[in-house]
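For reference, chains read A, B, C, D and E in written order, and residue numbers begin at 1 within each chain.
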Amino acid sequence: MNEVVSAIRLVPLEHYVMLSFALFSIGLAGVLFRRNTIIILMCLELMFNSVNLLLTAFSAHHSDPGGQVFVFFIMLVAAAEVTVGLAILVMMKRNVDSVDIDQLNRLRW
Amino acid sequence: MLLAALLLLPFATATLLLVARPEAQARMLAMASTLVTAVVVLLLWAGHPGTAVTVVDRDWAPAIGLRLVLGYDGIALLMLVLTGLIFPFIIGAGFKQQLDRPATVNALLLYAQSFLFGVFAAQNAFLFYIFYELALVPVFFLLLFWGGEHRRSITVRFFLYTLLGGLSLLFGLAWCVLQTPAPYSADFTALHALRLGTDVQLWLFWALFLAFAIKLPIFPFHSWQPDTYTMAPLQGTMVLGGVMLKMGLYGILRFVMPIVPEGVLFWRDLVIWLSIGGALYAGAIAFRQRELKRLVAWSSLSHVGLLCAGLFAWNSYGVSGALYQALAHAVLLVGLLYIVGAVTARTGTGDLGAMGGLKLRTPRLAALFLLVLVNAVALPLTQSFVGEWLMFNGLWQHNGWMAFAAACTIVLGAIYMLWAYQRVMLGPDSGRPALADADRDDHLYLVPLIAVSLVLGVYPGPVLDLLEAPVQQMLNTLTALN
Amino acid sequence: MVSAQLLAPLVPALPLAGAVIIAALRRRLSGHAAGLLATALIGGSFLCSVLLFLGFDPAGGAQVAHLFDWIRVADMRVGLAFQVDALSLTMMLIVTGVGTLIHLYSIGYMHDDPRQSTFFALLNLFTFAMLLLVMGANYAVTFIGWEGVGLCSYLLIGFWYTNPAYNYAARKAFVMNRIGDVGFVLGLALVFQVFGTLDYTTVMGRADGFATGAPALTAITLLLFVGAIGKSAQLPLFTWLPDAMAGPTPVSALIHAATMVTAGIFLLVRSSALFVLAPLTQDVVLVTGLVTALCAATIGVFQNDIKKVLAYSTVSQLGYMFVALGLGAFSAGLFHVTTHAFFKALLFLGAGSVIHALGGEQDIRRMGGLRSATPSTYRTFLVGTLAIAGIFPLSGFFSKDAILAHAYQHSPWIYALLVAGAVLTTYYMFRLLFLVFFGSYRGQAHPHESPAVMTAPLWVLAVLSVVGGALNLPHVFGGHEPMKHFLASAASGVGLEHLHLSALLEWSLMGFSTALVLLTIWIAYGRFAKQATLDPEAEALPVPQRWAARKWYLDELYERLFEKPYGWLSTNLSALLEQRVMQPLMVGVGGTAERIGELLRRVQTGNLSTYLFAMVAGLLLFLFLTLNGL
Amino acid sequence: MLTLFYLFAAISVLSALVVVAARSPVNSVIALIVCFLSIAGHYILLNAQFLAVVHIIVYTGAIMVLFLFVIMLLNLNRSSEPQKSLATRVAAVVAGGLVLLTLLAAVRQGISVEPARDFDIGTGLVRSVGRSLFNEFLLPFEVSSVLFLSAMVGAVMLGRREKNPQAA
Amino acid sequence: MSALILTSVLGVLLLYLGVFGQKRLLAPVAVLGLLGAIGVSATGWWMDVPLFAHMVRFDNAAAAFNMAMTGLTILLFLFGVDYYARMERDVAEHYALMVFSLTGAFLLTSYTNLLVLFLGIEVLSIPLYILAGGKKSSYRSGEASFKYFLLGSFATALFLMGIALVYGVTASFDLGRIQEVAMAQGAAPTPLFLLGLFFIAIGLSFKVAAVPFHFWSPDVYEGAPTLVTAFMATVVKMAAFAGFLRLVQFTALPPTLATALLVMTVLTLFIGNIVALRQTNFKRLMAYSSVAHTGFLLLVVLGNTAASTSTLFYYTFTYGLATVGLFVVMTLVKRAANGSEEVRSFRGLYQARPWLAITALLLLLSLAGIPLTAGFVAKYQVFLLALQAGFLKTTVLAVAMALVGIAYYIVVVREAFTADEQPLEVQVTPLNGLVVLLCGIAVVALGVWPIQLP
């Protein structure tokens, strides 16, 4: 066992899980909390990152690179999503002149 | 071969009518088709060996246990005969009741006939179910296109209510199919061989029975019926009441009694009381109906209640009586409805309050009405009497009080039927201008119906003999239970 | 001799053929021809019946002509079969005999009615049904006729269909009969269950195996009696019969006096083997008959419609017959049926003749003094009245006294009540006679005697009314009760009746009743023969009389008790239960579904926050479920 | 090490809270960047060096800049943006809290995950991740190109102004 | 496998065609390409081997799903020729994005690795986010797109959390490995694994639009361009369910999770059907009905018997056929009714175009589940399967809800067959007619001769 391994093992996996859960929940609460779409998108990013953190922690503890590859893909997807999301946002802003999610309610019932 | 012709001929004719739309010849074409099928049905009867016959037996869609098994026994044959013989009259009613777009009307009617034949010839529960539901579709359109006021909501209501039963049946059926040994089978033979647990039978009974209770309909599942019967075009009502209702009866014999006999034993008193109660209820209500057709609708409801009670008496008399009455009821109802149509066409109203004294103008029609009426009040030597007599006996064997309550319907029947006759035909001249009396066509239509009701009332032997073996066989299930 | 197998079916077949032919050709046949044809066919039937009678050997038992199996299911074999035995022969002769006369009479009576052919077709049809009733070899065939006569009765009462009151009367008759029929049908079902067959011979043969008072037999007999009550117009189902007078008078004579209404008696006699084993039923029959006889008689006293008086008298006489049956004196009952058929037909036809003479007038208060204008009618009517009053040696005397004697033997009280009834009968009949034929004419029409075609039957019937007593001449008069012995061969219960009264007692009883009757005639004569003023209206009478005049308010009672509630029930079942409960229930299920749908639809606010919250709520819910289970 | 973890953890949680709570979007962005940086710290603690670098490049360098860019472009940096009603906000916090509570409750008995026996110290390094990516995860890698292509096409398509805008 | 490559390349090719302004070639090329994809998929039949280090596995089920989805897309493209004819720009992009989305769908049907599942969902979804907003000038389209995107991303986050947790337990994304772990853990999995599966299931529930994760669907269905809505309702639903089923087959859901999902099924069945009753907008009606169908399909997935794949395939395929056809009919009606999407505007259809109305009737009956149409067989199979799986009470509810389903479909039928004062002037181009007719025939043919996956 070298020091890297022991360093990784020093922090219990549970801690990462809990931290990740905390970030995830904060992100989730943020999504519900805010009206500004941009912030909501950021909260979503926060949620993604909590997952990333979790995956990395697991990956490290399992000593399996797969998890980190997955994180890599999540980042890719997040980037793509953000691109699309922001494009949609810009389009919306053009249409309604607002990024307030509560303004969007023409489609209902 | 003959059986296939029964299914295919109306279907082909209907499709032809729908595609080519020969509006002018539509009625004749449809009539020709039904007459041919009537002959075929009679040939089938003539060639009936007396035992159950399987004509076709092959796989169709094994995925769902659907197999193409067609055949018939005496009971099914009776229903086939009923369907085959009554349809010329249903089509024939169209010659007087000229609805627009006759090609479509007749196409729908013929589709209904084809599917009804399918229902009665199917020996696989699935096949039965498919035809059972399909038969609903033409009626749906008849009602939607040519119904009376409020037809849009009534049509949907009728459709949904009936399908409620249909789906319940499907559910029960699915459950039963899963109980057959793998690979699952929905053949009647397989289903009838099932021996289900008692507690299962108690609830499964309702899953299966509900469909037929609604179709018949018996109290308290009848709410769709009066409006539907009243608002449907005449021919639609004839199909509904004359034939489709018998699917319910047939279904009870094919599904409920053989598959869940213990359920039947457990519930039958309730069912009989509901049926008889419904018969009395409907009979009482019929009396004060202001509309002739609605009165007929309620009267049919009353008759049907009795029919169901007879069936659930579950002995040879009750079952034979109910089946015999099924035939009688078809003849009766078609006749009554035709007269309703004739009267309404002449007076321009269906309102009993606005009628009266018609006999002065149309004595022949009155006489014909009376002859149909005789069957309706089940006087001896008419078909209805034979059926009712057997049912009373059947009920009596089961429970005297039931027989008593059932017999009370003959009083109620007399009350409302004679009341209707009096309101329409009798009484002083209401000052109408000259009305056409029953013409040759009317006679051509009604006289055969009346003749059938009288001949089969005097000599019901052939029909009863047809039923003897299959009914006995069916009752063996009961004997085996005890 | 032609065999009974061939002749028996011919008897009902002839009138049936007549009915069918006349009905089919009713537009081409003149009314007169139709009448002649109908009469001829009934006459043919009568002839056949006579031939059968002549060829009948009482010792040989019943001859059954089996046509075919009518209803054949499992072990139920109901044949369409005719039975020729003493009982059916008696009835056949009455039906066809009296029927022929009435047909003949109708030719004259109906001569100016436009629907004469229809009338004769129906009359023939009725005869056919009546013959089925009496000739049936089993209960089912009897029931065919039973219902058939009901239908014909309905049609004939409402023959003049433009009058709503007549139609109402017709419907009332049919429905009341139907109420009785419920009992009949159930009785048949029970007979079948108990005996396994409906054939008379078998049933009666097997009845011996039952103990007296066996519940099954009591039930059967009670049910059959319910049927008889309806058809024979006994309490509580008699109110239809007076109303049935709405029909043409020959109909009243044939159906509502001579034949159909006696079907109930016939049925009981047919089943006498069962009834003798059911003492409870016997008592019920006795009481019912007695009460009806008295009740109807009291009402008859206050009737002003000539036919209504006769109708109540019929009800009353039917009550007598039931009393006889209740006493077990079956042959006496049937004897009275026979004589009653003669004199009541006579009376009705006479009344018809009077009505005919007065151009349709039926109210006796607007008659009077017709003795001279219509001599034949008067004379025959007088014979009829004397017969019904039971004046020696007319037929009514013998038949009524047979019943009275049996009643005395059973209980003097019953005897007393019956005599009271006889007194009342005499009183109202002579009231009728005196008001119609005596005094001076109080109406506006021009009375004239009816044609010979009408009076001839009257004379025939008058003769029969006079000599009919010979049919069952009791021992006291040197007779051997031939009818009783004849009937005993048919129905096993019939032979059991024996009068154990001393000749002296019989004589004194006869003397007593005859004396009373004569006294009554004298009183009636005093009160009505010279009557120039009219009877007061029913409302003006003092209480007991008023009630009697208003038929003891039975019609009103029934209206309150049944008709109104039934109409109310019908209306409200429809308006309340159906429209307010059943329909809303059905529509409501759909409506509720839609309302829930509408409610849930509002959750879809279009607002993203809502969606997100809902998703998180769902997330929490399912999270909880997943971690903790349901 | 544990201290470092707690430090990073505290920073990430706090900055995350700021992201949610901050009035101004720009503040949120900055807080998020801080959060991401702290997460990168975790990555390093976990010896996921490749990931840490990529994370910083992609998130902080690209995504967050994009956010900032859009905020500026659309001029959204108003600190007085409308807020949800108090009840809603409380509900949001409660919901988030409940989720957290439930999740924590679920793992309160430990997560019972056995770490691998034979550790490879090179797990988080470029070589290991790269090998994995181009062997095992070749297909996803290729597929992600489709993903990006569609995202690009979409962004262009949606972002482009209509030449002749007409009313809906 | 080759189909995957083919469609990816096809998408690029279409983009190039767009760049070079060959608008007329787009549809033919797309259709030909997709036909090719079907052919390629067909050749892969019975060649059931894991590919790419156990990333995907094109077994028969996958091949069948792929062919079906491609077929449905072809139908939509045929319809699109007419649909896009009036569109000036971005047509190539629309085609390409749909093809890309289809590529993602292929991944969902064939994945054996959670990463592929994840990417599949994203490749499927991202083009849809864009396509939903395809009608740029339309406010509604934008709103739909935005809602879809936001909720979709949220669901993705949940889904990813699930994958991470599962990975934590299994140390692998491979379904085979996960299956081993699931077997080992049996009915009482560790909390982490349970949570992982739970979040994955929730993520997929969003994709299949199960209550309460269905909120996007009515709004998006209504707002998105009809063609895209049809694509979503058919191909996307099919792919999502195929993906879901695959997951369930490998992990054999822990009992408590299955119970929770059963509750979700019940909610979905109930709300989807009941709310659909009150819809007047046809597209929203279809959205809710789609939610309702999700309920039935969830039963299949949860039942997870040997017949599940076959049933699911049959159900989704026939449902897709009927839906595509109906959306085409609706578009035609909408054009005739001045852009109204209300159910009411179907009135008079039978008068104007009897055959169109009759075909629409067949399609509606199929959706409603009336015999001799495919929908009936599909529903029956679901009931059978659910009963087999022991969901007695839920099946009763499902049956009752099937009736409610019939209720709202039949209302459309009623409208279509009710005469209207003003005749509906419906223009049917041959291609449109062909699509509708194909759907109608297919629905009946499949109802009369139901197919079953081996």
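Operating definition for what follows: contacts are C-beta pairs under 8 Å (C-beta built on N, C-alpha and C of every residue); 3 or more make two chains touch, one makes a residue touch a chain.
Everything quoted here is computed from the prediction, not taken from an experiment.
**Q** What chains, if any, are shared contacts of chain B and chain C?
**A** Intersection of chain B and chain C contact lists gives E.
**Q** If you tally the C-beta contacts for A-D and for A-C, which one comes out higher?
**A** A-D
**Q** Quick one: chain D and chain E, Cα centre-to-centre, how many Å?
**A** 30
**Q** Could you work out how far the Cα centre of chain B sits from that of chain D, in whole Å?
**A** 70
**Q** Express in whole angstrom the distance between the two chain centres, defined as the mean CA positions of chain C and chain E.
**A** 77
**Q** Between chain A and chain E, tell me the centre distance in angstrom, where each centre is the average of that chain's C-alpha atoms.
**A** Here the centre of chain E sits 27 Å away from the centre of chain A.
**Q** In chain C, what residues contact two or more other chains?
**A** Counting only residues that touch two or more other chains, chain C contributes 590, 601, 604, 606, 608-609, 612-613, 616-617, 619, 623, 627.
**Q** Would you pick out the residues of chain E that each touch at least 2 other chains?
**A** 115, 119, 122, 126, 129-130, 133, 136, 139-140, 145, 147, 150, 154, 168, 171, 191-192, 194-195, 218-219, 407
**Q** What residues in chain D touch two or more of the other chains?
**A** 84, 88, 91-92, 95, 99, 103, 106-107, 111, 113, 116, 136-137, 140, 144, 147, 150-151, 154, 158
**Q** Please list each pair of chains that are touching.
**A** Pairs of chains that touch one another: A-C, A-D, A-E, B-C, B-E, C-D, C-E, D-E.
**Q** Taking the complex as given, what residues does chain A use to touch chain E?
**A** 13, 17, 20, 24, 27-28, 31, 37, 40-41, 44, 47-48, 50-51, 54-55, 58-59, 62, 64, 66-67, 69-70, 73-74, 77, 80-81, 84-85, 87-89, 91-92, 95-96, 101, 104, 106-109
**Q** How about chain C: which of its residues touch chain B in the complex?
**A** Spelled out, the residues of chain C in touch with chain B are 23, 68-74, 76, 80, 140, 143-144, 146-148, 150-151, 154-155, 158, 161-164, 167, 170-171, 174-175, 178-179, 181-182, 185-186, 189-190, 192-193, 566-567, 569-571, 573-574, 577-578, 582-583, 585-587, 590.
**Q** For chain C, which residues count as touching chain D in their complex?
**A** These residues of chain C touch chain D: 609, 613, 616-617, 619-620, 623-624, 627.
**Q** Given the complex with chain E, which residues does chain C contribute to the contact?
**A** 590, 593-594, 596-598, 600-601, 604, 606, 608, 610-612, 614-615, 617-619, 621-623, 625-630
**Q** Enumerate the contact residues on chain D facing chain C in the complex.
**A** Answer in residue numbers: 84, 88, 91-92, 95, 98-99, 102-103, 105-106.
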